[in-house]
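There are two complexes below, and they share chain A, which is joined by chain B in the first and by chain C in the second.
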Partner chain A sequence: MVMFLLRRVLAGLVLVLVVATLTFALLNLTGTDAARNILGENATPEQAAAEAATLGMNRPLPVRYWDWLSHAVRGDLGTSWFKGEAVTSSLASTLPITLSLALAGLLLSALLSVGLGTAAAVRGGRLDRAIQFLAVLSSAAPSFLVGLLLAVTVAVKLRWLPATGYVSFTDSAGGWLRSITLPAIALAIAATGGTAQQVRGSLIDVLGSEYIRLLRSRGISERRVVFKHALRNAAPAGLTVLSLQFIGLIGGAVIIEKIFGLPGVGSLANFSAVQGDQPVVLGVVVVTAAIVVLVNLLIDIAYGWLNPKVRAA
Partner chain B sequence: MTLPLPTPVVQRAHLFRRLLRDPVAVTCLVVLAVVVLASLLAPVLTSHDPARSVLSDTLAPMSAKHPLGGDGVGRDVLARLLYGGRTSLLGGLIAVLVALLLGVPTGLVSGFYRGAFDATVSWLVSLVMAVPAIIVLLVVMAMVSQNVFVAMVVLGVIFWPAVYRLIRASVTSVREELYVDAARVSGLGDARIMRRHILPVVQAPSIIQAAQIFEVAIGIQAGLAFLGLGSANQASWGAMLNDAFTNIYTKPILLLWPGLAIGLTVVSLGLLGNALRDTVGGRSGSRASSSRTPAATPPAATPPAATPPAAPPLAGDDEDLLSVVNLRVCYPREGREVAVVDGVSLTVRRGEILGLVGESGSGKTQTAFALLGLMPALATLTADGLAFDGQDLRGLGRAARNSYRGRRIGYVPQEPMSNLDPSFRIGSQLVEPIRQHLKLSARQARERALGLLERVGIADPARVFAAYPHQISGGMAQRVLIAGAVSCDPDLLIADEPTTALDVTVQAEVLDLMRSLQRERQMGMILVTHDLGVVADLCDRVAVMQTGRIVETAPAAQLFADPQHPYTRMLLDSTLEGAKPRGALPAPLEGIA
Partner chain C sequence: MKRRLLLAAVAALLLATAACGGGSSSSEASTKTGGTLTIGMSLDATSWDLAKAGDGNDAVYNQPVYDSLLRMAPDGSLTPNLATKWVYDDKQTTLTLTLRDGVKFTDGKILDSAAVRANLLHTKGGNAAGSELTGIAEVTAPDANTVKITLSEPDPSLLSALGQVPGMIASPDALDATSGPVGSGPYVLDKAGTTAGRQYTYTRNKDYWNASAFPYDKIVILPMTDPAARFNALSSGQVDWTTISADRVDAAKGAGLTVATTPGATEGLYIWDRDGKIVPALKSPLVRQALNYAFDRAAIVKTVRKGLGTATEQSFLPGDAAYDTSLDSRYPYDLAKAKQLLAQAGYPNGFDVTIPDLSANFPQEQAAINQALADLGVKVKTVPVPLNQLFTALQGGKYAMSYFKLSAVGPWDIVQNEFLKNAAWNPFHTTDPKVDELVKAIAAAKVDAQPALFRQLNTYLVEQAWNAPWDVLDTVLAMNKKVTMAAQKTTVFPPIYSLKPAG
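== the complex of A and B ==
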């Protein structure tokens, strides 16, 4: 188990490094003139050259790459070309918003999909068909469309919850909850369909297995059979889907942020990409890749913890 | 997901025809056809230029000139909707094509040849999967190219892992199949094997996945345009949403048209993909296929079960622990009810071992499950009498039934390893029913379980108690299951072929154990088996089953000495024990391995 984890951590680090390198190359080989971007069209060639020199853009590419990388491993992702703010501090102020959104969406979707998937598998019949239909609808509808729908109905028409704005958790827990509820619901709805179908499918397989029949033959109550034994054995399959959903959730959060006016990583990425703010874009890509790798690692650990065969090995 | 069986060419036409029988699929196809036609015919349906803004038409109401009004900068909404469809459909198509062009060949080669290519591509795939698609696309569109179709090519690359994994998994499962081996042995080249045997298998899942990619691509493309990325001159549904969003307080209806267009298109694609999956593979993981479907009685051999041939004594005997009268178990098959247990009557007295014998498919296991109330939801059970210790078992609620099962009726299954919950320790699986039925404390239940493990001949009870099922052998697992079956001192034990899955050396030990437990506790017992040797060893009385009915019931000695029914005679003749001793085996010939 320890060796397995070490290998996974190492593979994850390599993955992040490769993503960083590729992004660095992409940003630098596309030929956008960063200095001119910053100074505007009216700058003289001399001014542009001077600006490029202050940015260090006149050095050869490998030198710049090494410079960036050697700082990055020490936790310094450079400074924004436009705002002069350290990339890490920009990320520190935006990342919690996007992450809390994605995690709240993930949690909500996990609860919903276990509930709906279990109901569909255990009850069967008409309820099962209805839930399956809803699941297909929910996994087809893009989360931002659901978000727009929620924004128009709940926030704009009914005025139950705020349409825009973010209140940090430390300022007001209630305000934070109110600002995050609608976007998290929108994200969760889109992620629930696929997971619920997975939970339903594997639960039906488990409920048809011989050890479940044996438990029933021992007179174990149906509630314990379903909630203790069957769900426990169906959990790994649900977990796998959930880890795939998380990447989609981060992507969905980027767009949802715009609808609800949340200053998260999405708006940071959007804004700095349009501006051509290379250090910020690079930082956003590397950090999101690292988060995805980390979440997958956590899910692997949970997977191993759930499976006695892996745990014992 | 269950993989569909290899679909030969003949079935492809059927697939489409079957799809047309599904009303949901037809509706989706119609919606998609309308969307495609409307986009293609955009120049015919409207004379407006989707990119031209007329200031005076800003947020214009619906009118003859602008059927859906004007948008925030005075462009015609209908024209933008129609031309926007082109962008969405073309973009989705590009993403699908790129993903398939990359994914299918790499998946085929990876799955078929494995090796270094497989390792390299699998690593590349995990690389692509580590970055959220939206962020990559954001960077590409902002810094590389404003063109949405370039972004869709990149999106196709991002979807490559999904196609690759699907194809690779399908190929891996097929390449082990016998007919692929046979093709290889008969000298077919790899290219021909792929074309003839592997491509047909991958076809259906790829079509389903293409529909899904198309659906997600349209959504993501709209999302990007909604963020304000992409060329301002190109009409798209996402850009319309963006414009409508800025006017959400003044004219929220503008959100409706692009929202509806995107929603209808992606939901139709999603439902269509689902319908396709159902048509191809049957409903995966459905209830019907998940339970072991019993063999049915051939209809021809099912005359009305008025009077069973060998009428056993019906109820009324005080010694009867279990009395069953005219038990029937039916399954729906092809629109009608088929009986797998067809009028079975039997009795078990206290301390008596009844053998239930018959070939596989005769309904003996189904009879055992019926007595325990373990029938799948599909089955219907009827009986004129089903009494255990004077109590009618018919129509018992769940709670009442659970007060019998495990407590007064124990069950030993056939296949030991698959009957233990792999996620829980053996100890906890033993303790759970003991605590529930006997209301013991955790410590008392643990002591009882350890005692039982020792009683069933396990040398190191503490170790087995703490072990997971995968850590013990099959013989030991069967001992654990026997311990579990007798853990609450039941009056009746139902054992379904308890030794069939075990090694021959272990079989005798397990049978000895069951007999000694039965004598010690004076349990009644039903021993389901096809092994007449086991019957001769253990049973007091024997009931012989054929095609869902009991054809003969007799004391064991009498049955062996003087079988009445032809089927019983046939069973006796076919067993080795009954055969005349043969001469010594001829010495094996040299040189023949």
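== the complex of A and C ==
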């Protein structure tokens, strides 16, 4: 188990480094003139050049890369060129929002997928076909479209829930739940389709296997057969799909944040990328990559716990 | 059983939180005073430190907490605020301000001439709003209520700058504003209700010297970059006032919102190469005039801007000192006349020009240009230029002309941004002795005499067809029925004292 973990952690670190390097290269090749964006429309070329020099943009690329990297590994991600705020503190205030959104979406998606997948596998018939149809539909619907529809109908027309804004959990648990509900639903719907299908498929396979028939013949209730025995074996496949979905959820959160006006990492990344605020973009990319690696690692551990055969690999 | 219970519990929890937890964050019943004004802004605040703050967007965040020296009325005229009197000397290089008595900052310090001096010199060192104060050579405080500002040369836009962010006064102990803004303004920043980037709450400053001018007890500003989110927030009652995009005007009106416009930017075909360095034809005023005749401005405003704009041939804004309504009929749409002028200039078969292709971001505008040039027989080569490289490319003098738009500002700022030799938007550094002479005269003239001189300059620029402007496009604002706004002619965002409860 330990070797397994170590290998995965090392691979994860290499991945984060590669992602950071690629991002750094791309940022400096796009030609976005951050200095001009800072100074505004009426800056002369000389003023823009002076600002660029102040930001250190005139140094050769490898020098700037090494400067950033040597600070980053020590935890200093630099300061924003635009707002002068430390990148770590911007991330500290925005990351919890995005994470709570992504996790809420993940949980909701997991609940829905297991519920729908199980119902489809166990009941079969018309319910099964209906759920499969819904799953395809939800996979096809882009999350931003679902989000916009929810915002317009539930928030604007019906006024049941707020259209925008985020209330942090520490300020008001009820407010947090209200502000996160529509965005989480929008995210979850897109992820549920594929996962539900996967759960359904593997559950059907498992339910048809020899040992399940043996359990039934011993008189164990169908409920226990499904939930205590069959699901446990069907779960790993679902978990794999879910871990893939999580990456999609983080990406989807960026767009959902925009639609619902949530001041999370997505909004930060969006704004900084457009303006050319390199320290912030790099910081966001590195931290997000690290989180994705971490989540995948956790799911791998869960997978290993569920299925001891994996640990030996 | 357990699963059903769990699902039921989740559903009940969601319904419960939807039902309880009050309404959305905004206003109580509208009365003449009191209540909360909630504003949605497209950008976040930059800084409470006035040296780092910009004008425009930042003005809205800073106005509740800081007083400015002068106050700008909706029509652009200046009225007393922290300064009760102001007068220039004959050379227009020394401005003497008389300050109001008895104004205090919220930290208890007195707002006197020393405080004003400290602020002006601090803000002047900044890159953003401070750039409007670069003309200041020295500030002295002969007595507690008098401030003397000495300029290195006359600056006709100084007075209006003192009515905006550059003229805002912070407590001298908190110029850097590292722990928040400390000013003398009508409101105080409520730290408990403020999270940077998310929500800014301002509550009434109880000791304010002009409380009656500010009816709201509380102001909340929510930064939201996405236009759809802002619109939804406005439609669902979460904010009372925000900017919207032109394509949402019909939806806004349908939802019972009030829609208003302010001048946004002057757009059109900007002719950069007036000296003919890359395209010799553009050296001739006849050729540039021909380009002006080649656009149907009214049609552009109607189809491209959906009526949200004001057609004009002038580089200055309708209603400002330089604007002259008679000039708006100088170049009616007339292709025949345009071609005749080209022939007269010696280019009967047109000429060659390379322009940036901006159809990725401005499809209709680019199409209008391509069409007009084709109509004239001008041979056009277009080069796609990504928006993030456009400014550098244009300022580097790579293109002889292009579609462009420049934000709406006061007439002297337009002169400084476009018509001086080293102006940011004069990439080929073209000059004209008559333009320079008129600019000098405006600077030296007394405030009352400036409008006539501005109009002379404007007339000359239109006659010489320095550019081919199409229109001033509108910035669209929308508000719900609880708020009224005094019509703005000069700034994109109305000052908060222009917003009042309706009824």
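Just so we're on the same page, the second predicted complex is superposed on the first by the 292 of 313 C-alpha atoms of A that agree within 3 Å, B and C clash if a C-alpha of one lies under 4 Å from a C-alpha of the other, contacts with A are read in each partner's own complex, and residues count from 1 in each chain.
Definition applied: a contact is a pair of C-beta atoms (placed from the backbone, for glycine too) under 8 Å apart; a residue touches a chain by one contact, two chains touch by 3 or more.
On a predicted model such as this, the values are computed, not experimentally measured, just so you know.
In the superposition on chain A, A:G175 makes contact with chain C only, while chain B stays out of contact range. Contacts of A:L148 after superposition on the shared chain: both chain B and chain C are touched. Touch criterion not met for A:F4: it reaches neither chain B nor chain C.
Between chain B and chain C, the partner in contact with more residues of chain A is B. Looking at the shared chain after the overlay, A:W305 reaches neither chain B nor chain C. Of the two partner chains placed by superposition, A:W66 touches none, neither chain B nor chain C. Looking at the shared chain after the overlay, A:S221 reaches chain B, while chain C stays out of its contact range. Shared-chain residue A:G165: touches chain C; no touch with chain B. Using the contact criterion defined above for the overlaid structures, shared-chain residue A:V156 touches chain B and also reaches chain C.
In the superposed model, A:L39 makes contact with chain C only, not with chain B.
Once the two complexes are overlaid on chain A, the chain A residues touched by chain B in the first and by chain C in the second are 30, 32, 148, 151-152, 156, 258-259, 270, 276.
Chain contact summary for the complex, chain C toward chain A: residues 1, 3, 7, 10, 13-14, 17-18, 20-21, 24-25, 44, 46-47, 52, 54, 127-128, 195-199, 222-226, 228-230, 232-233, 235-238, 386, 388-389, 391-392, 395-396, 406-407, 413, 417, 422-425.
Note for the complex: chain A touches chain B at residues 15-16, 18-19, 23, 26-27, 30, 32, 124, 136-137, 139-142, 144-145, 148-149, 151-152, 156-157, 200-202, 204-205, 207-222, 224, 229, 232-233, 247-248, 250-252, 254-255, 258-259, 266, 269-270, 273-274, 276, 281, 284-285, 288-289, 292-293, 296, 306-309, 312. Touching chain C in their complex are the following residues of chain A: 30-33, 36, 38-45, 47-48, 51, 82-84, 93-94, 111, 115, 148, 151-152, 155-156, 159-166, 168, 172, 174-175, 177-178, 181, 223, 227, 258-261, 263, 267, 270-271, 276.
The part of chain B that touches chain A in the complex is made up of residues 1, 126-127, 129-136, 138-144, 215, 219-220, 222-223, 226-229, 241, 245, 248-249, 252, 255, 259, 262-263, 266-267, 269-271, 274, 284-287, 290-291, 369, 372, 374, 376-377, 398-399, 401-407, 411, 413, 415, 418-424, 432-433, 436-437, 468, 470-471, 481, 484.
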